[in-house]
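In order of appearance the chains are A, B, C, D, E, F, G, H, I, J, K and L, and numbering begins at 1 in each one.
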């Protein structure tokens, strides 16, 4: 296990409903083009406001995946 | 669009239920006195504990709004 | 009130469902061995991914409790 | 208590004598125009030097106050 | 001089041309409603891209002004 | 000396009078239950406000002590 | 708009003339291989010195672009 | 696996030889009193100098261990 | 030289022996798919513990390489 | 005034009595060898503990002085 | 090349015109007393305001130079 | 002991072999011109890559030494 190498990709997902759904959307999209996704780390939670309400959450993630030789 | 100026206000909302509701409460209160709210950014998630359970979440936000000349 | 002393413990909780449930799990476990829990502060939100989906959230907390003389 | 909203104002006080007096001066001035001041947090301690001695301390504070609907 | 109190306002200016012009626009707008502006500090330099070119720079500032009793 | 191991405990002390007294109170309380206290580092200076005055300072410390085998 | 996913690429541009031109060079090069560039954020401004003068500025950017399914 | 709770302890190890040996010393000492050690994270690398040479390295660690109910 | 553009990739290498070997493993793997690697910067040193000893070090790197047009 | 250049020196002062006296001691010593001291900024407040009490405070400062051509 | 040692000096330059000119002024002044200047890194961009306009920019730099034995 | 004043110098050492040797080289060079070196703190670990391998490590240090009146 000691020779594993992981690469990290930074990505933002969004959702009109919740922080968790924004994370899900980012990971689902990333998994279409990257394999072996292993972990994530939230870097930022932000969003847009319309008519005095949250229009959507935007969540920044670092996603780690095993390097593909 | 290049001459827009935004002002930023820092605010904490709270909720007994969720991080998202604490954000909603902060923005709803801010929109009573500020117009043209545009974006927010979470600066801190914290809260109080009573009887070994979360009593309420407190979420710090920076809220950006278009400057009112 | 000015002579209160608080101690801080750092802890990670996890949940397959939400950030809030991971916080609840951390606090519930901490309250089994520590008394007088008073506040918490989120230090990190991360998690693991399996099959292109969030397997579980891991949330780091600092938990403050009144010092037990 | 869970629906409290706090606003945060950033302010610098100064004093020729001590860090504590600079904090006092900032809070005394803020309380002339803001009501319901609740907590403060020191963001920076600095100052000016004249003739090889501290001329005055400048202390930056974030001051939280309950939002005034 | 030791009893001066400064308040800090956070603001974003933008410009299609340069970082300096974005700073100027922020300060010019702020000076319409705030008096006694004294110093600024850049907190962030960012911007938008259109057609592979910078559409405009957005510069975040903290602006300090002498407190108005 | 090269085989010393130090453990670090995080603690908040408070005082109605000064930052230094809040540090003293934290260390005095910690020394009731921990031995071999060696150094401290201030992590945060904050406090509460009542009637437009500082009610008490709260000072966060990391306290290092030689590990007790 | 709530289902947008953005990816972030980190890049350094350089210029002998100005910070703005270094940003332009980074974005122009990135736009040759990445589509849908949307925003940038400056992470670092540095450079090299030759003969006591700035030889060139190096500016680090995070560049966000809409994820390409 | 989603209901695991980890606690974090902060500790400094030292060594006259290398960063890695200082980490080993910290973990070996911690494992005498804590069970289920799982991961570590380096927070600081420092040390003392005697006669113009490194006398010993001091390495700060956060050590995570599964919470012991 | 002033028109060079560098891209940055974030990667984690691991080793059972040392921090340096973990760096070597990360760079060796990265050089299989990226050309013109130029510099690296350590972002994090961490690892796993088994049976009270370091099982392996994990070292996070930012790796800069000249942009490939 | 726009062509002033300031140099910054980092220094730690200590005192058995207070944070302010530690700052004074650092500045008094620096002013013996540096001229035109103009401002300071506190970077760290720490200290040593003996017999469960503060033995002395150590305060880190950045000190700015006008560059001496 | 592997035995090069660099020293770092921190310095602030100012200019009434631009960020770049403030950097130039700092480096020009530093090169009067230090030799072998090699690189710089911007640590802070700030300035003073007079009559609602930027009076001058102040830019903080770390300047690296090869150590002079 | 409470009236000690320490000055801090920032320096980068390099080595083709290890992080520790880069630290040694920095301290050995510094001790040629500075006396009373007392402690160091690593601020950065980075390096250059040639032919897909580490050409040399560069380690940034803050070095503290007792002020020389």
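Operating definition for what follows: contacts are C-beta pairs under 8 Å (C-beta built on N, C-alpha and C of every residue); 3 or more make two chains touch, one makes a residue touch a chain.
What you are looking at is a predicted structure, and each value in this text was computed from that prediction instead of being measured.
Asker: In contact with chain F and with chain L at once: which chains are those? Just list them.
Answerer: H, J
Asker: What chains touch chain B and also chain D?
Answerer: E
Asker: Tell me which of A-B, D-E or A-C has the interface of B-D again, with more than half the contact pairs shared?
Answerer: Selected from A-B, D-E or A-C as the counterpart of B-D: D-E.
Asker: Taking the mean of the CA coordinates per chain, how far is chain F from chain J in Å?
Answerer: Taking the mean C-alpha position of each chain, the two centres sit 22 Å apart.
Asker: Between chain D and chain I, what's the gap in Å when you average each chain's C-alpha atoms?
Answerer: Measuring from centre to centre gives 44 Å for this pair.
Asker: On a C-alpha centroid basis, what's the spacing between chain C and chain F, in Å?
Answerer: 22
Asker: Using the touch rule from the top of the page, what residues of chain J touch 2 or more other chains?
Answerer: 10, 19
Asker: Run through the chains and report each pair that touches.
Answerer: Contact pairs between chains: A-B, A-C, A-G, A-I, B-C, B-D, B-E, C-F, C-H, D-E, D-F, D-J, E-G, E-K, F-H, F-J, G-I, G-K, H-I, H-L, I-L, J-K, J-L, K-L.
Asker: Quick one: which bits of chain C touch chain A in the complex? Just the residue numbers, please.
Answerer: Per the touch definition, chain C meets chain A at residues 18-19, 44-49, 52-54, 57.
Asker: So in the complex, the part of chain K that touches chain G is made up of which residues?
Answerer: 19-20, 23-24, 27-28, 31, 37-42, 63
Asker: Which stretch or stretches of chain G touch chain A in the complex?
Answerer: It comes out as residues 1-8, 10, 62, 64, 67, 69.
Asker: Contact residues on chain G for chain I in the complex?
Answerer: 9-16, 25-26, 29-30, 32-33, 55-56, 60
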